[in-house]
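Shared between the two complexes below is chain A, which pairs with chain B and chain C, respectively.
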Partner chain A sequence: MSSLLALLSKDLLLEWRERARSLSVLLFAVVTLLLFSFALGPDVETLREATPGVLVLALLLSSTLALNESFRLEREDRALEGLVMRPVSLTALFYAKASANALLLTFLGPVVVALAVVFYSLEIDVATMTRLVGLWCLGAAGLAAPGTLYAAMTSRLKSQDVALPLLLFPLVVPVLLASVKAMGLVLTGDAMNQLRSWLTLLLAFDIIYWSVCGLLFRFAVEEGE
Partner chain B sequence: MNIRKLLVLAGLGLAAVGTYFGLFVAPPERHMGDVQRIMYVHVPSAWIAMLLYTLAFGFAIALLWSGRQKWDDLMVGAIEVGVVLNALLLVQGSLWGRATWGVWWDWDVRLTTSLVMAILFAGVLVLRRMAPNEERRSQWSAVATVVAFIDVPLVYFCVRWWRSLHQIQSSPDTVDPAMVLPLRLNSFGLLFLALAWMLWRAAIERSSRRASEVPLPTRVAIEESAHA
Partner chain C sequence: MAVWLKGPNGSGKTTLLRMLATLSTPSCGTLEIFGLDVGRQREAIRHGVSLVSHSLYLYPGLTARETLVLWGRLGGVVLEPESVVAALDVVGLADVGDRRVGGFSAGMRKRLALARARIESPRLLLLDEPFSALDDSGCRLVQSWVREFVEQGGTVMLASHDPERATPICDWRVDLAAGQIVGLDRGAGR
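== the complex of A and B ==
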């Protein structure tokens, strides 16, 4: 546990020292939001309807950037090799890395949701906005676990920028669907009382991904890396 | 005669009889007419593709557990044949959908799951091609196979909540026995053919691995003596 915390604080410190990198991920999410507005047209009504999908896609697209970056640093100067040789368990390494990635993606949430409120003229109160951010965080957690597992593998490849989204996007279809549905229900009102079931589903996916990927990580990165 | 040839012969025989029964003996379906006969290849493709993915999952677990390369050979065989059958399944389904629903594609649970499944397992094959060395290749493919296999029920469940149009499964009790017979024959025929194909692919993988294990000077010497 202590090694997990040490690794996590190392990752967070790295994020802090490389603020420009984290900010560029945020900027990318904002640009995605902007591009979708242009693609879907200036009609506010259409944009408002598409908001949940646009938000989740912004999260998904920026996640690949963040995930690729998180292992690029570790591969530089063979830092990962040094880490693996230390007496820390690979499982702790995975959970620290996945938590750091989840936190970075979570940090995008409030900003992107707030911008969506402004761009798409959403008339929502603070409680609804908080719920949207909460769902964003659950989605981010669902992306971070399989994303970290795959990024650990693809970071060794020359074509990592192609490989990661190719492998990750079809895998996270359940997270994408559940988040979009839940966000839609939060925005348009939950007349049929469906929100709870989508939320449970999203949580279940998070738990499954976090446990399965944690178990498999040691096969993706091994001693002698 | 080795097991693969036996499987091919049995498979071809069963599929030939099954197809004959399916096309000429089984009655046409009341609403869809002759179009429904595509079921005799569509349903077996789905079953056998699922079975192959399940086998691949088993081989992946065995590989991660034991580290023995023979599981990797079998796993790549199962995934490749599974992906081909999966692609055929999508094409057949699309044709059938056009004829009965009037659309080539619908975002229904089984269609969407089949498509995502094909992409997931094709992704495993892509990752395989990119891996830097042999040990990484087998371990990464096994990891990706396990994750993909676990993901399929999640996708299915999620899309089912999202929407549905595809009919639910029929059971043999509700289907005319004249329709069940060709379906069973074709399913076993396809099963034997797919297994033979999987074993063949595994044998190719094993040979190419062994060839790459031979040190380069020896390989050059062998090639030179072959040319001489």
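== the complex of A and C ==
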């Protein structure tokens, strides 16, 4: 636990010191929202209906940027190899890195959801907004774990920018689907009481990804160094 | 003892050091360090091994002081501020302890990597080209440190192309060529 906290605080400190990187991820998410609003046209109803999908796509696309960047620092001067060489559990290394990535994506949530309310003319109260942000966080957690694993695997490839989304996107379809459905039900009302099922599915995949990816991480970094 | 690994480029010096550092596994045969199998007991071995390599494993965004504290914590050691300053002082970096590593010269980075290896108190110290990027005082520091480490009971394996600096401090010389030991000289330099 001590190693995990040391690694997490290192990642957060480096993230804070390179704030421009986090800001670029946020701007990328905002630009994605804007572009989709232009693509969907001026019809308010269409925009509202598309909001859940657009929010999740903004999260997904910005996550690849954040995940790629998170391992760039580890590859400079082969710092990751140095960490692997320490008597530190590689599982702790994974959970520290995945938690830092999840936190970064989570921090985007309130800003992006607030901007979506403006761009897509949503008429929602604070409670609904809070639930949307909560679902964003669960979606971020579902992307961060497999994203961290794949980012570690692809970080030594020259084509990392292409390889990461190609590997990650198919794997996280259940998380995307559950997030979109749950956000849609939060926005349009849950007449058939389906929200709980989608929420359970989202939580289940979060737990599966965080458990399995934690076990597999050592194979992604150990010999490849 | 201190062992000098000597050989031309591509002879296997770095590969051997990386295997001893548990970063690579042998393609055949077995390798044991401290009586432990490198393939199966890596974590236990890593408590006693330290490597200073071509890549220095430093984060440009951390300060020298933070680098040592992080390294200590990852090894299960909580370093007091005084011991961090002392470790930096030994390598001549005490005045720049709060500066980020990204602004350091190559020699300063090497000195920091050496300070970091020192705080780990390893039993086996692996040095890959330890004299590169260092000025004369830095090289003398490495030489005195290696001898001090050996006198305290540690083992050093050092790969270097600098016979003038490696010979006086090493007890054994191992000549490598194409991945094979082709010569062994005891007391080569001492």
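List of remarks:
We adopt the following convention: the second predicted complex is superposed on the first by the 223 of 225 C-alpha atoms of A that agree within 3 Å, B and C clash if a C-alpha of one lies under 4 Å from a C-alpha of the other, contacts with A are read in each partner's own complex, and residues count from 1 in each chain.
Everything below uses one rule, namely that a contact is a pair of C-beta atoms (placed from the backbone, for glycine too) under 8 Å apart; a residue touches a chain by one contact, two chains touch by 3 or more.
This structure is a prediction, so every number in the text was calculated from the model and none was measured.
Taken together through their common chain A, the two structures put chain B and chain C side by side without a clash. Computed from Cα centres after superposition, the angle at chain A between chain B and chain C reads 90 degrees (steps of 10). Shared-chain residue A:45: touches no atom of chain B or chain C.
After overlaying the two complexes on the shared chain, residue contacts for A:76 are found with chain C alone; chain B is out of touch. Of the two partner chains, chain C is the only one touched by A:18; chain B is not. When both complexes are overlaid on chain A, the residue A:10 reaches chain C alone and has no touch with chain B. Once chain A of one complex is fitted onto chain A of the other, the partner contacts of A:161 are absent, as it touches neither chain B nor chain C.
Judged by the touch definition given at the top, the superposed model places A:88 against chain C, while chain B stays out of reach. Here chain B and chain C sit at a least CA-CA distance of 10 Å once the structures share a frame through chain A.
Those residues of chain C whose C-beta lies close enough to touch chain A in the complex are 21-25, 43-44, 46-47, 49, 51, 53, 55-62, 66, 70-71, 73-76, 100.
Put simply, chain A touches chain B in their complex at residues 146, 149-150, 153-154, 156-157, 159, 163, 166-167, 170-171, 173-174, 177-178, 181, 197-198, 201, 205, 208, 212-213, 216, 219-220, 222. The touching residues of chain B, when paired with chain A in their complex, are 64, 116, 119-120, 123, 126-127, 130-132, 136, 139-140, 142-144, 146-148, 150-151, 154-155, 157-159, 161-162. Of all residues in chain A, only 2-3, 6-7, 10, 13-14, 17-18, 73, 76-79, 81-89, 223, 225 touch chain C in the complex they form.
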